[in-house]
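Just below sit the structures, each encoded as structure tokens.
Shared chain: chain A. Partners: chain B in the first complex, chain C in the second.
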Partner chain A sequence: MIRQHFDTSISKWRLVFVGLAVALVLVFLLSIALGSVRIPISHTFHFLIGQPLENAGWQSILINFRLPKALTAVLVGAALGLSGLQMQTLFRNPVAGPFILGVSSGAGLGVALVIFLGFSFGVYFGIPDLARDWLLVVSAALGSFLVLSVVGLAAIRIRNSVSLLIIGLMFGSTISAVVSIMQYFSQAENIQAYVIWSFGSLGSLSWGELQVLAPVVIFGCLLSFALSKRLNALLLGDNYATSLGLNLKTTRLLIIVNTSLLAGSVTAFCGPIAFVGLAIPHLARMLFNTSNHLLLTPLVILLGAVAMLIFDIIAQLPGSDAVLPINAVTSLLGAPFVIWLVLRRNNLHYSFDQ
Partner chain B sequence: MSLLHTHDLAIGYGKKTLSAGLNLVIEPGQLIGLIGQNGVGKSTLMRTLCGFQAALSGEVFIGEKAIKSIPASELAKKISVVLTEKPGAQNLTVLELISLGRHPYSGWLGQLREADVAAMERAFEQCQIHYLLEKRLHQLSDGQLQKVMIARALAQDTDLIVLDEPTSHLDLRNKVEVLELLKHVSTTGKSVLISTHEITLAAKVCDTFWGMDFGQPIAIDLPDNMIRSGQVKQLLHLQEGVL
Partner chain C sequence: MTKTLPFLFILLIACSPQQGEKQSFGTSSIQHATGFHIETRTDGRYLVVDKPWPNANVTKSYKLTKPFTRVVCTSTSHLPYFEMLGKSEAVVGFPNLKYISSETFVELGKIDKITDLGADGNMNLELLIGLQPDAVIAFDMGGESATLDKIAEAGIPVIYNADFLESTPLGRAEWIKFFGALLNEEKKADSIFNSIQSAYDRLTDMTADVRKRPTVLTGVVYGDTWFMPGGRNSAALFYEHAGADYLWADDSTSGWLELNYEAVFERAQQADFWIGTASFDSKKALAAGDHRYQDFAPFRADKVYNYTKKKGPNGGYDYFESAYARPDLVLADLIKILHPDLLPHYQTVYYEQLR
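Our next item is the complex of A and B:
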């Protein structure tokens, strides 16, 4: 009877994943076709399957701008969604997410330290690009790790969403203060570099930088799959998880390392991007009505990638020359979503028992 | 050979000793009722026997092995628990919850093999909860949830199941059903340890009572003897005429 049930649910889920994968491909095509210069979808499709385009200008736009940006959007959506999912399960708190818990601020502190200190010692531009990229990722991940560990220590004791929010916000403002002080004592060009970073952008990554971001995010995704069994056990609560043989300390540490790596690396390259990490896991739970992390992990990866590509298309304001900062788009759409989420908590509490 | 025994065990928190000098034995197939007032240390004793909490002194042995020396992943194959707390995620389906009972056995991604499915099937069968398979936890009544939690523990396929007040919050019919289910489980060779305040109902199914009282050694006797001799009244500090 159970076997039978598994078989029907497997075929149902296969359909869901095929559907999402098709949606991802379509949105990806659309995202590289739209922009200030309109390139017909049929041409972008030919480009993607490796045929050279007659129009050299289009070819160059696609290779140098749109393809890296679309790939970045996919990586960012997947990484932020996964880190939000795991924070929500770890802290058993529906409002947990990389931006709200101050993790993005932590990553920002790491980036600020590299930019400001690097500039003042005059080494920032002196070192090879690849080394600098890795330095950014490592320092951003360390910054997130620091914040997440401290917030994590508090959150494991505090189940209350409001308290956790306040702690996260306080962290955010403390770190902003530290960054302001650093800005105050540094030169205009450093400040400009930092401010531009803090706007958030998907389009600023070169292929070289993608070669750093992609392996980190792919590693994080694989680790997320490997952690899904542990995350499922955590759904029962700490005591039951222990009785199932789970080592809570190792599990918490692995989750915190993984989420810092995912959120930190993305934030290092694309700036702090709001609400995606918080909203995508909820969207996945609501649309597909499951708490099973073995399903939620691929769902969040696919949904996050699709959502981020759509946000990016909106940010492009297709047909116009103007481009909105990506963070403005995610906040404009994300903030109302979170308000709505909090208002319909009567449904939310089933996932978190509060 | 006994399934579990303790040697000169002392339990408690920090400097506060709740009970000391405990030499307890659990035999295979035994259904034991742990009784005593609130705050006397029933949950602490259970937590210590399960290895969740360190003993203040003395040892707990599973078979011949000291519980401290058994890795958590192995211990999960020896002892399963049903706690008073509800599982955190209430939108899990019953099937998902029970499959989590296979956590110590399933593959590294949590994938279930034939043996896992067979064990889950047995658990559903024993608890008679097939009809709940697709329900979500928040849709269940307290009685249904308790049976599902017991099924999860059964799916974990351990020699000992420890249940903290499995009959609290249940109506009389569900209390009886849960106790009868546990009796049935113990007849299959598994040992069951429950803490309970349902003295009269538990007395009908339990093989042994362990009676805890503040500052006293644990009294061990047949349930009927313990009630008839007035020991139960004594350790619950009841007035004459009750029970």
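Our next item is the complex of A and C:
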């Protein structure tokens, strides 16, 4: 009987994951095939199977614009979704997410420091590309880590989730204030570099930058898988988790490091991207009705990647020369979703209530 | 500005032989600008700003009584007009002196003839009111600025300048007459504008029958968006008058297009020239900003130019301050870039080749 139930469950999840993987591949191909420039589908196909195109411009658009953008979208969706999922579990708070807890602001502070200091010492463009990319990732991750640690420390003292959110928000606005004071005291060209960054962008990563972002995100994903059991234990409450032999301090620290890496590296390269980190984990829990992190981790990776690719396709307004800012699209579709979540409040605490 | 003056006179003298005609204009007739005019009513003369902010449906009239001697400006692009009219000392306050490039005004700031009113957007109102200026010359994007309302409430006249809404280079430069009217220097403003206009027209005539019109790309990408001047934007007119084929000339908007990077790449990868690259002042910086810039033909052919040649003492680009008042210089620069044989001895003022 139990055995039978287990089997149907396994086959159900197998179906879900295969379905999501197929969806991911389809949306990925769609994202490469669609764009402002109309490239016939047959040419895209030729490109994908490795044949060189006659039209060198199209070849260049596919290889230098669409392919890195689609890969970035996958990495961003997965990374932000995962960091949101883990923050929500860590803080046992359904509205936690990288954007709301001030983690994106922390990453922004790191980026701003690199840009402004780099420019004021006149070395910014002198640093080799690869070194600068790593510098950005490390400083953004450190900025995120700083914010998360403080919010995490506060979380140990304050159990009230609303207070925690307020602390996160306050942190975010304090850091924004620090950044705007830095902007005030720096020269026009530094500000421009920072403003360009703050627009948020999926399409600006070079292959070189992807070679930095991809390993960091993949490492974060693997660490997330490794942390899944601990996250499950955390859901049961601190006392229960300790009684299961979990070292709370190490677990918290690992989660904070992992989310800082994931959210920080993405924010360093793509700018602050709103709502994805908050919304994707809820989507995963609601659609598949589970709070098991062994399942949620791969679900969030796949769902996040699919959603980000769809957001990007919408932002590109295929067929027109115009483009929407990616943040406008994620917020436009993300905000109503959060409102809907709040309206369905009864259902919101399901995996955090003890 | 002081550095360019000798050169500018050479250009003007060289380019404007019909000096006699101009003298016959005694009054301010506005030829190119569409945003303001001067009218005589029964009770006196008025400076009327027809469109004080974008999509405004009101006009603003200012009675011209005694000339202003103490004003606060809010945009660096207002300053050159004061300098050209010989009224630099009429500026007594400015938000954030750091943004000023003109040496004259930087010096005036150093000897405290101009009060720094703090970051724009949050002008220090107490300092401003303490200055008791005759007027604040402001610009507004929507007609509901709380700061400007407060200033007006304190009894200081707020005069709206909307030169940035003009759609032609000469139309924007003609706003010198707006300042001429306020500072009682109308004749001088007229004659300066006429010189600029005839220099500009001469330059335009030079390129009217060039054999090859090189294609031009402009701007850089911000995030995922490439902001490109529309086909009726004054930037597009500059390229047309300079004898270029602006790649988005077929567009019919006067504002800015927000384009997808790949769409820009598709149309402009084989452009002959790339002119105007925001704050990137070297090819190295450009390539570090986005690696794909290197795939554009003008990048590889060393045909990238930017308005970064002239820097103010605080590091700002003078182009954004003084170029709007001098479309003849901008046009001459562009012609020098696009058709160097037409102006063999000319040295560019604002533009430099990126290396």
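We adopt the following convention: the second predicted complex is superposed on the first by the 337 of 354 C-alpha atoms of A that agree within 3 Å, B and C clash if a C-alpha of one lies under 4 Å from a C-alpha of the other, contacts with A are read in each partner's own complex, and residues count from 1 in each chain.
Keep in mind that, in the parts below, a residue touches a chain if its C-beta (ideal position, glycine included) is under 8 Å from a C-beta of that chain, and two chains touch if they have at least 3 such contacts.
Bear in mind the structure is a predicted one, so any value in this text is a computation, not a measurement.
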{"item": "Touched partner set for A:224, first chain B, second chain C, both or neither", "value": "neither"}
{"item": "First, second, both or neither for A:65, with chain B first and chain C second", "value": "second"}
{"item": "Chain B versus chain C as contact partner of A:203, first or second or both or neither", "value": "second"}
{"item": "Touch list for chain A against partner chain B, complex", "value": "1-3, 5-6, 92, 225-226, 228-229, 232-237, 239-240, 242-247, 285, 289, 291-292, 294, 349-353"}
{"item": "Chain C-touching residues of chain A, taken from the complex the two chains share", "value": "35-37, 57, 60-61, 64-66, 124-125, 129, 132, 184, 187-189, 192-193, 195-196, 199-204, 206, 208, 271, 315-317, 320-323, 325-326"}
{"item": "Chain B residues touching chain A - in the complex, by the definition given at the top", "value": "50, 52, 71-77, 79-81, 83, 85-92, 95-97, 100-101, 103-104, 106, 108-110, 112, 117, 120-121, 124, 130, 133-134, 136, 138, 156"}
{"item": "Contact footprint of chain A on chain C as seen in their complex", "value": "99, 119, 221-225, 257-263, 265-266, 269, 278-279, 281-282, 284-285, 288-292, 295, 314-317"}
